[in-house]
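Next come two complexes, and both contain chain A; in the first it sits with chain B, in the second with chain C.
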Partner chain A sequence: MTTPTAVAAARRQDLAPRKRWPYRKHAVGLLFLLPATALICLFTLVPFAQAILLSFQEWDGISPDTPWVGLENYERVFGDQVFWESMKNVLAFAVIGFFIGNAISLGMAMAVHKARRARSFFRTAYYIPGVFSVVVIGLMWGWLYEPSVGIINRLLVSIGLEGLQQNWLGDPALALGSVAVTFVWYHWGFGFILFLAGLQDIPAEQYEAASLDGARAWAKFRYVTWPHLVPVTTIVGLLSLLGALQIFGTVQVLTNGGPGYHTMVPTLVIYTEAFTSHRYGVAAAMSVIFGGALVLLALIQLGLTQRRSRS
Partner chain B sequence: MVISTESTSTRAVVTGVPRPPRTEQAGRRRRKWGAEQVLLYALLIFAALTALFPIFFLLTGSLMSLQELYRGASLLPTELLWGNYATAWVEGNLAVYLTNSLIYTLTSVLGILIVSSLAGYALARLEFWGKNVFMFVILAVLIIPAPAMFIAQYKLLIGFGLTNSPVGYVLVMITAGIPVATLIMRSFFVNQPKDLEEAAALDGASSFTIFARVILPLARPGLAAVAVIQGLGVWNEYLMALVLFRDDNLMPVQRGLTSFVNSETPQEQILLAATAISVVPVIILYLLAQKQIVQGLGAGALK
Partner chain C sequence: MLAEQYEEETGVVVTVDTPGPADYVAKLQAAAQANDMPDVYTAVGATDMAPFYKAGWALRLDDELADGWSDNFTPAVLELTAFPEGNPLEVPAGSYAAYWELATFGLLVQPETAGIDAANPPTTIDEMIDEFNDGTFSVAASLTPSLLQSYASNYMTDEEINATFTGDAPWTTDAWENTFQLLVDLTEGGVIANDALPGGSDDNPTVEKSFFNIQDTGAIFDGSWAVAVAKTTAPDFTDYVSMVLPAASDGDYEPRSPGVTGRGAAVNAKGDHVDEALAFVKWLTEPEQQKVFVDEAGMIPTNPELLDSLAVPDQIAGMASAIGDIQIVPVQLTADVNDAIIRGSQSIVLGEKTVEQVLEEVQTAQDQSS
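For the complex of A and B:
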């Protein structure tokens, strides 16, 4: 019955009125974005706003009423030594992760880039720690650091360095450093992968030209490698900094902030304040202060990048 | 811009250096390269051992008996006790945790793929009001960190009755994945040729038909990269799993492992075996899909 021409005609008729609606293209575009917009609004933007509101309220986690308490939560946070101690600790993690972690990432990326054989083996090996969860990292390193039978102390004994055995996670002087070592071990592969990709994008002719000019290793690095890596360095720097500042699971599983508060970090303080002490308002105030600082840091870093790339 | 000025300054700096005669330079270089490569490989192998030794000792510890572990006499197990793995599987409730993790990961990844490919396509190809606003929102959301939100997300989910619920967890996971996934998909679509879409449009196909029949099948490499990187992220997620789940039977494996540690005080070798079992899926995924992971990391970070 319906010949192809009839179908085509019907379709054309069908299309004609739709084409006349001038806002169709906008509606289609917005419809494509609807699921993403709805989810982001509901589960990111609303909670973000709600965190700010909750920081001026009191809530025990159960009761339906959340009375307004003004700045009381913030006063509490400002007087909270543990919170500020945790800010200091996380700053130490950030500095160590940023400088030492990224130096290792960059150094090893250059080493692998120079290697003639087995590059992909090394790349695979170096990123393996990065695919584990924070819980696995915590359990695994908890075992390595175990004071009496942990592998690190036993390795020290087996090579005749009994004197260097330590209570790695229990000694207040060492705990922060031990967690930082774990953190760097866990995360350097990420920067490494990105630096390596950046190095592979540098045209070989530029090195050849520099060699012909007699440039030594340092000059090549300074004037060829480094300028090419600026975009990668910026993003790796930002992400590793933000990653270090948000450290949580590794610390919770390894030390739970101890001994005392020597490895306490803000996210863990916020978590404990809410889910152990049931002071959700105070926890919200902390997350506003800490989260706000993180957002500010990201904006500053991105602003600097923009300015650098424009100049 | 930056690059060209830098390379001129290179020339300026190095012209002052006198060039050694050619033959001497070539000879010296060959000798130096030999020593250099040996040192280089020493460094590379040392770093590989450092990256791998914790995993090695996790495995050896998981195969020892408790007595041997605590005697501390040998670094390697004298006898491989594979039974530890069976014990860990049962005591650690791993069948339940791993199944949960698998379900949460697959549903979250599916959700992320659908939502982010739609959004990424719209941002790459369609023209409409508010496109720039949405782009800005995505970038803004990217810099809001989890510690700023998780308390409020918990409160919100209580309001919906979605705490201790797979639905609540998966919705939060999908939302967390959207920004990066959308940016990856967008940059993927931007680099795709337009011919096929235009041909389909001339045939009178609607935008949705074009998307489902023409665009998505061609987007498989982009979807694969997003799926692998997000799958890894969801499988390894811990903070929200800790906050949301109370019921042991609903916990994903990361949360389940810490629950195992805290409630039953398992013997160390059993705990190590349980930990080892929990990483088997990610190791397999990593070895199979390393290319996608590396691409996804690069794309997610740089675009």
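For the complex of A and C:
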């Protein structure tokens, strides 16, 4: 027989709020994220895991057999001078792309932001290089750099500077710099647009207040513009750094890594290993090492930027 | 045009897919990985095609060739295209592709710009360097292996060259040192245009453009296929001649151009239309069809009858004359060795490395490939 006290307790239990699923209020958001997460898993994480697996195997790209070779591919990569030389070259591209490329993008964005006329024209003109195919860019700059009939050397002749004519892509001392110039030109539009958007978000009152306080141009940049641009600079810096480290098409079309190995970059070495030498296992090992280095670098840069933002 | 004609004659529909020369092998690899190989596909160099042949993507043609089809090919072509027993690429012995173009290498020269007398051309490399104007000669970095293989025939027999390519003989010999010395001599002679070998993925088209279109280069080293390029891109420019690479002054043998197969095709052994594909390839190699390639594209055919009666344009006559005594070196350079030669040649011309250093690097690349 049920006692009245027990019945009352049971009723209280029924009336008490049910224990809710802790993520319920995020469920809709998670549902929206699901397709993107699934695609990232399918097209990024799974291939990356496959690449790691392949780096311990031998494969010519065609054969159904992929024998396990342990660390043999990694041993080969660690002894490959060309791969490590290419790492040095790509660091040079990264430094140039990160500092010079972003400085130019920021400078152009500030100039266009301040321009009173033809702002739309310059916005379009500066962004246009980035919309072309890398092959078109490579061929175009190849002709600009052509030593005997190229526009750059012809221009130098026409203004009486014959002595400055160079074999821009054939001279080892100039080849890397020449390719880097093309790369910066091709990619500056991306940083330019983001910096411009960032500049347009800065309230005009802050500049007016700074002017009333007697701030000159540099002080305004240092204490108003730059702090507001930190979030944009973080993302532009990270993406341009990763873009420079992954440079491929510009190098392949302009120099194919030459003369000698002076402009060789890891992505081109990996491509050659896989598609020319048919050593997919070695190429995968290179990709794992290079990809790991990129992830590490990205994490370091994000960490540094977050620390700077907090301070 | 030929595909349409074949369809009219046989009722078999031929769909031509043209992925373009750039990254062709990579695209073919992707097709193999996706199990989506065409019934017939272009066969390029042996090194690139070997993985396809090993994986069973090409029909062995030996029985068909033995059954009379071989009459359509000059014996040198059959020798060049057959994989011998124990080849370093580890392809089972046999023939896997049929070719309707034979290519040779040599010089294309615009006599006036280069500074030579076309009626009395130089017969040795030393004479050529003396006679050429400064900065008038160009060769694409990607063609330096062929240039050096041509010149190596002054110092080695075909068997000796083949033995080096297979890894059975070293690169660090006097004969190869003499061969690579050519680059030093050309550089010191001041004849190399812009003092560098053009690189990049389009290096040979760039060199051809400077010769045929801009016409600021007096002489280039190229394959006989270049004439087809000229016919397409500069049909009015005919003021040039071709010639075999002049002999070395201190050579032991008569120089011989490398003989390489040009256009050709393999039949997909796993395809849905193996018999039809084979019939189409056999039809393409018949004299009537090869004649179309000769007339339309200026190709040197592989058919013996056509070769004997070949009426080539004046411009290609010099290169075509090399057909009678081409190098028979069935084994091709591995990708590693090819790359080491290309980059080493650039470094020699730039004065960054010596011949000995480059040969050591080439030997390392050969060892790495084995």
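We take it that the second predicted complex is superposed on the first by the 260 of 311 C-alpha atoms of A that agree within 3 Å, B and C clash if a C-alpha of one lies under 4 Å from a C-alpha of the other, contacts with A are read in each partner's own complex, and residues count from 1 in each chain.
Here is the rule we use: contacts are C-beta pairs under 8 Å (C-beta built on N, C-alpha and C of every residue); 3 or more make two chains touch, one makes a residue touch a chain.
Note that this is a predicted model, so its numbers are computed, not measured.
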Task: Report clash or fit for the pair chain B and chain C bound to chain A in the combined superposed model.
output: clash
Message: With both complexes overlaid on chain A, does A:F48 touch chain B (first), chain C (second), both or neither?
response: first
- request: Quick one: classify A:L139 as touching chain B (first), chain C (second), both or neither.
  value: both
Message: Touch test for A:P22: chain B only (first), chain C only (second), both, or neither?
response: neither
- prompt: Where does A:G163 make contact in the superposed view: on chain B (first), on chain C (second), on both, or on neither?
  reply: neither
Message: Which partner chains sit in contact with A:V253 here, chain B, chain C, both or neither? Use first/second/both/neither.
response: both
Message: Which partner chains sit in contact with A:Y126 here, chain B, chain C, both or neither? Use first/second/both/neither.
response: first
Message: Quick check on the superposed pair: does A:R154 touch chain B, chain C, both, or neither? Answer first, second, both or neither.
response: first
Message: Looking only at chain A, is it chain B or chain C that touches more of its residues?
response: B
Task: Scan A:F275 for contacts with chain B and chain C and give back first, second, both or neither.
output: both
Field: Contacts of A:P67 with chain B and chain C, given as first, second, both or neither
entry: neither
Message: Going by the clash criterion at the top, which of the stretches 25-33, 169-177 or 241-249 from chain B hits chain C after superposition?
response: 241-249
Common interface residues of chain A - those touching chain B in one complex and chain C in the other: 139, 146, 148-149, 252-253, 275
Query: Considering the complex alone, what residue numbers of chain B touch chain A?
result: 2-3, 6-7, 9-11, 13-15, 17-19, 37, 40-41, 43-44, 47-48, 50-52, 54-55, 57-58, 61, 69-70, 72, 75, 114-116, 118-119, 121-123, 126-131, 134, 137-138, 141, 143-156, 171-172, 174-175, 178-179, 182, 204, 207-208, 211, 232, 235-239, 242-243, 254, 257-258, 261, 268, 271-272, 275, 278-279, 282-283, 285-287, 290, 293-294, 297-298, 301-302
- prompt: Which chain A residues qualify as touching chain B in the complex?
  reply: 11-12, 15, 25-30, 32-33, 35-37, 39-40, 42-48, 50-51, 54, 59, 108, 111-112, 114-116, 118, 121-129, 131-136, 139-141, 143-144, 146, 148-149, 151, 154-155, 158, 185, 189-190, 193-194, 197, 206, 209-210, 213-215, 219, 223-224, 227-228, 230-232, 235-236, 239, 242, 245-246, 248-249, 252-253, 266-267, 270-271, 274-275, 280, 283-284, 287-288, 290-292, 294-295, 298-299, 302
Chain C-touching residues of chain A, taken from the complex the two chains share: 60-64, 138-139, 142, 146-149, 167, 169-172, 252-261, 272, 275-278
Message: Quick check on the complex: what are the chain C residues that touch chain A?
response: 23, 25-26, 29, 32-33, 48, 51-52, 54-55, 57, 141, 193-203, 206, 210, 214, 216, 334-336, 339, 342-344, 346-347, 350, 352-353
